[in-house]
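Labels A, B, C and D are assigned to the chains in the order they are written; within every chain, residues are numbered from 1.
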Amino acid sequence: MKPFYSFLTFLFLSFSATSFAQKYVYDIDRTEYHDDMLYESVRRIIRLPSVNGLQPIKCDFHIHTVFSDGDAWPTARVKEAWQDGLDAIAITDHTSAAPSKRNVTGGPNSSYEIARPEAERLGLTLIQGTEITRSKPEGGHLNAIFITDAAKTLDIPTEDAVREAVRQGGYIIWNHPGWAIDTCKMFDVNERLIASGDIHAVEVFNEAEWYPRALSWSRDLKLAPIATTDIHYLTNNFYRISEQSIRPMTIVLARDKTPEAIKEALFARRTIAFFNGMLAGDSRLLYDFFFTSVNIRKISTTYDRDRNAFHHYQLTNPYDVPYVLLPENGNGKKITLHANAEITFTLPAAVREMKVRVLNLHTYEFETLEVVIRLPE
Amino acid sequence: MKPFYSFLTFLFLSFSATSFAQKYVYDIDRTEYHDDMLYESVRRIIRLPSVNGLQPIKCDFHIHTVFSDGDAWPTARVKEAWQDGLDAIAITDHTSAAPSKRNVTGGPNSSYEIARPEAERLGLTLIQGTEITRSKPEGGHLNAIFITDAAKTLDIPTEDAVREAVRQGGYIIWNHPGWAIDTCKMFDVNERLIASGDIHAVEVFNEAEWYPRALSWSRDLKLAPIATTDIHYLTNNFYRISEQSIRPMTIVLARDKTPEAIKEALFARRTIAFFNGMLAGDSRLLYDFFFTSVNIRKISTTYDRDRNAFHHYQLTNPYDVPYVLLPENGNGKKITLHANAEITFTLPAAVREMKVRVLNLHTYEFETLEVVIRLPE
Amino acid sequence: MKPFYSFLTFLFLSFSATSFAQKYVYDIDRTEYHDDMLYESVRRIIRLPSVNGLQPIKCDFHIHTVFSDGDAWPTARVKEAWQDGLDAIAITDHTSAAPSKRNVTGGPNSSYEIARPEAERLGLTLIQGTEITRSKPEGGHLNAIFITDAAKTLDIPTEDAVREAVRQGGYIIWNHPGWAIDTCKMFDVNERLIASGDIHAVEVFNEAEWYPRALSWSRDLKLAPIATTDIHYLTNNFYRISEQSIRPMTIVLARDKTPEAIKEALFARRTIAFFNGMLAGDSRLLYDFFFTSVNIRKISTTYDRDRNAFHHYQLTNPYDVPYVLLPENGNGKKITLHANAEITFTLPAAVREMKVRVLNLHTYEFETLEVVIRLPE
Amino acid sequence: MKPFYSFLTFLFLSFSATSFAQKYVYDIDRTEYHDDMLYESVRRIIRLPSVNGLQPIKCDFHIHTVFSDGDAWPTARVKEAWQDGLDAIAITDHTSAAPSKRNVTGGPNSSYEIARPEAERLGLTLIQGTEITRSKPEGGHLNAIFITDAAKTLDIPTEDAVREAVRQGGYIIWNHPGWAIDTCKMFDVNERLIASGDIHAVEVFNEAEWYPRALSWSRDLKLAPIATTDIHYLTNNFYRISEQSIRPMTIVLARDKTPEAIKEALFARRTIAFFNGMLAGDSRLLYDFFFTSVNIRKISTTYDRDRNAFHHYQLTNPYDVPYVLLPENGNGKKITLHANAEITFTLPAAVREMKVRVLNLHTYEFETLEVVIRLPE
């Protein structure tokens, strides 16, 4: 059994006169402590730009624990999200799967209640949530976040549950629509809920699935685009998160990371889905995001043998989103502007701007962002 | 809610006429499946040599789940161990912490029973175990593995619990002795249990702590040296396991990975503790391990201006344990023979052998392995 | 100035009585030697299978040095290839670029002569070569390897130079055909040389360009498919080679890595181009390569609630080539069998084999390898 | 042969009417361009703090090319330094090794002259330099940078050469003093040059050797501490530079990266040696560097069962230098504050500050920096 305070990294025992101090008195001369192996108290920093004066709040609104069919304890979900660099999460265990089936007791709000103290300790914003799941396919899969009591959404039809959640102040996300997408139709339940204004957002990315069609719907139906992990297993074992690999998230452009600010931003649809090195969202937001991230400078000018001038430029990207650029006149060659890197390139001096398609920035199905980069003097 | 078979990577739907097939029918044209993000069904291969005709079975005998004070569900412990390249684990929830305290129901054998089907599915050897923990410091912390019923070790004094475990065929490991080591004394309970032959092994490494003194005890008292994670939190979030970073383990040299073969090898003390790029154990085993791993070849001969001959050698290490070499006449310079790599070096032709201290192979406190490498003609 | 023997990792000074020993006498107590930073003497191991009793010789037949328009000294090309895990290289400076233009003196054989002692010291096979380049586009770009005197290919028309190289025993590779490929025509010079049997191989990959059309030509015109770096800049700075990233190479299936064995294998067209996680070559060779690499085992059987049996399999790939699998009935989902990893998957017991397209194994333009994996009992 | 403009990443062919455009016309439909493999035009960003309003200019003042006994062409030294994130370098080929010995022609200023256009193109500050090396051990090894003509330092005794360099405006660095350090004496030549004020700096780190004694001398004798690579081989092959591994450098705190600003800062001794995750330099500079890098916040407060308050803090390090902390009352346990990461820790509310030794910040031999971190309310 590890001591209760095992997560505390520093222990200033001389200041703490309580008896638990005694437990830690091991002879340091006989023990070699390999602190370089340990990451439990370490959080990575994910670098994203502030856009239009708003902060990029890193969120995952779809997470499961042992209180539905997940593999991790609620506090572990908070800790792994904190380590992974997120600012806010919602745990969304579904009310329809009785946890007691797997030796777990408690009600539909238990995971939230258990996770809350850990979230407060670490300064991670924890948003109360639940997944409304009904057995019939057309029953729908919807996440309700910013609710106050998941119990009241139990044992009633999907649409009643959604309306109860909305009544509690909830924000409703249509989950993994790719599971039921076809060319011309969506399930009736979703259609009715969208018509009544009771669905506010749609997952364009879930786990490892990206739904370009749902991105189109987000624009056409005025839903916020969302990316989530829908994680059931352990996040780092599922995705092999590393310094080079970031877990899927929704970037919410908000004035801060309080629940209120996140909620305001969500209803205002200031969200960008970020997954596997790709961004998906509103073209205006992506445009601002790109130009806030990337900086261009002219470094020098050289001349060829015929005295034609060439300018040498550097494009700087100090953030964690890479950009795959396809210049209009670049002979079909792509250029990757990696995260946290600069690239250099050369153009005839006569060129004053370049039109570039950013292949990993998606604005609609079959549409990527096109930008014009003005070249500095 | 994810479908029941979400862990199944391949789904040959045309062969499965059951109704669950319908759940998966999404329109692939509208969904882009990023399989490159997913590692849940991926296991890394850890390369260790077979030594003296015996296989290097990769084991972790100290693991916690939500059924004591851990953060992961028992099946998740099996899956992460399998992914991390282990062959065998014991889940050792302690009997003294009532799981019901944290919304979990079940008895002291529940984690084993829940984990077993997953272990069978994946071919991971699961050994039944329990941690015998008593509240008084001198009450001892001991792991009993290869037991048949943890319930019978409950609510009785430490030594009675240990004897019950031994009666069940158990193998007893003295846990994290560093917590109570001093220069001249060990707790009475451990002393008595060792004297009576009821402790068979000792952790020389636990979590991130390495106890050189316990390695000395392992030799002097004829206990098998053991390295364990004692993992409570999620293993990959705790250690940041990667291709360059291997979780702590006990290498058991056994004829195969069946429980019987592992047990035989443990009682015969054919174990090597492997942690943070270091090995600790019996000098003869480490000697054999080293020379089975490393291969030396002469590549060529050159001559300097005075016609003195120099031979050029390559040292090959195709395994995942690196070696930090300190040659006797090397002017104090160390050479790292990395895992999965070769190094080249040059010696005067007159040199026929070289004496090398292997700084990361520990045989006793303040002792590392010394080897003589004979140079091939 | 570094001492002449700075590349020697071990220096057994007590054995070497020469005066240069004195230079190294520094006070080790005052110097901390960070050997963990140094990789100059370290070679990575690239794991590829032996196929049909033949060894996978790792080759790069297109490399430049400061003796044409490259950035590295010839010995450095040998050392970086050795570090990168290659077995054999040809330095192919072109005869048409006078090296004296850039403060370098020497003839068209100088880079080979300077590199040879280093190659011998390290046991890397060095094949004499040259690039035959003429200024007119249709002049052709061809590599001649296994030649004996590049000087004789100077200052004569392309086809004469090629015939001189062939007369010397040379093997002729048509370089980066992508620079001049269109739908229906190749340059006349190439057409004539192929017709006369004086071109033996074609690059299907050069630097970062992959030419599927050239792969078709390799089959139709009976040329060996080749992948090369055509490196001019420093290889590791160009590609960021790492444990996860392997430099482009031609895998030559030969009985050993002697020049004679490599030459025999090249004329027999037993080559596979390996680049960026992809293989390209003859379908029969790729088939054998795949099935020698990959191993399948049945681990266990489970039953669902309707008593339908499911078998659980593991697919093992202990080599450095990954495979991207597209099962025929897998609903369009891909599975990546990573390098040095295992994957698990589950199938109904009734399934006896599975047809899989290996998306990263190319056999012709628009063609990838299809295999049938028989499932073990 | 690669086209002259092969380094240009973008080629806007429609704008360039010159004939060389024709060379590039390949049929893009037949060529798949793997831009993700290419890093030649990519520069990493190394994050270091601005300290006291001064910029951290990243410098390497000791580099060799083929114009002495190095393995790379001068332009390649510029490009690899630019890629590695440096701002300024000096190429310091030694005048005593005649380059013509290895098929290279040119004088002692050739490497500077050849490298300069590339440095200008990329915006890397290139400082003219030379290494003054004499064959007798006591002849000394000294780098002179900011000189104007290396030829005038040829063929004259060490001290005359140094004085000539100083006359040119040169800055003199005593190279790898570890090669000749003992307890009580330095070579006469160094002693005399220091006495006359003609040595301005001393390498405390060279290649992979760290000289704590030289750090003491830097303080006692008022010399600027310097870290250099002294690279002869290819830098990335020597060190395996990666996102996790930074090449050794001198951090010069200057108002900008112009030669003038760097020179001013060097004479003012505002330098910090940075190598292998360690910093060495003046204690005041290191103190400012540390506190500019690290930020502490209080996140929350919790209470134990006895109503004792505990504050939870986060320590943020958004830069590329890690810190290994040893808290005074931390029971001997170290904590690593990784680069680009945050750590969390907990203290009793009564604790108002913590004294911490920063084990990887060296201020003198056997001395590391001690800091007092005041805990925010």
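Heads up, the rule we're going with is that contacts are C-beta pairs under 8 Å (C-beta built on N, C-alpha and C of every residue); 3 or more make two chains touch, one makes a residue touch a chain.
Owing to the predicted nature of the structure, the values given are computational and were not obtained by experimental measurement.
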item	value
CA centroid of chain A to CA centroid of chain D, Å	36
Centroid distance [mean C-alpha coordinates] between chain C and chain A, Å	40
Shared-contact residues (touching 2 or more other chains) in chain B	33, 35-36
Graph class of chain-chain contacts, one of line, ring, star, complete, other	ring
Full enumeration of touching chain pairs	A-B, A-D, B-C, C-D
Footprint of chain B on chain A - complex, ascending	1-2, 6, 22-23, 26-27, 30-40, 66-73, 75-76, 79-80, 83, 94, 96-97, 100, 102-106, 110, 114, 131, 133, 137, 141, 178-183, 208-213, 230, 232-240, 242, 275-276
Residues of chain C that touch chain B when the two form their complex	5, 7-16, 18, 24, 28, 33, 35-36, 41-45, 82, 117, 120-123, 243-244, 299-300, 302, 304, 306, 308, 312, 314, 316, 318, 327, 329-336, 338, 340-348, 350-351, 354
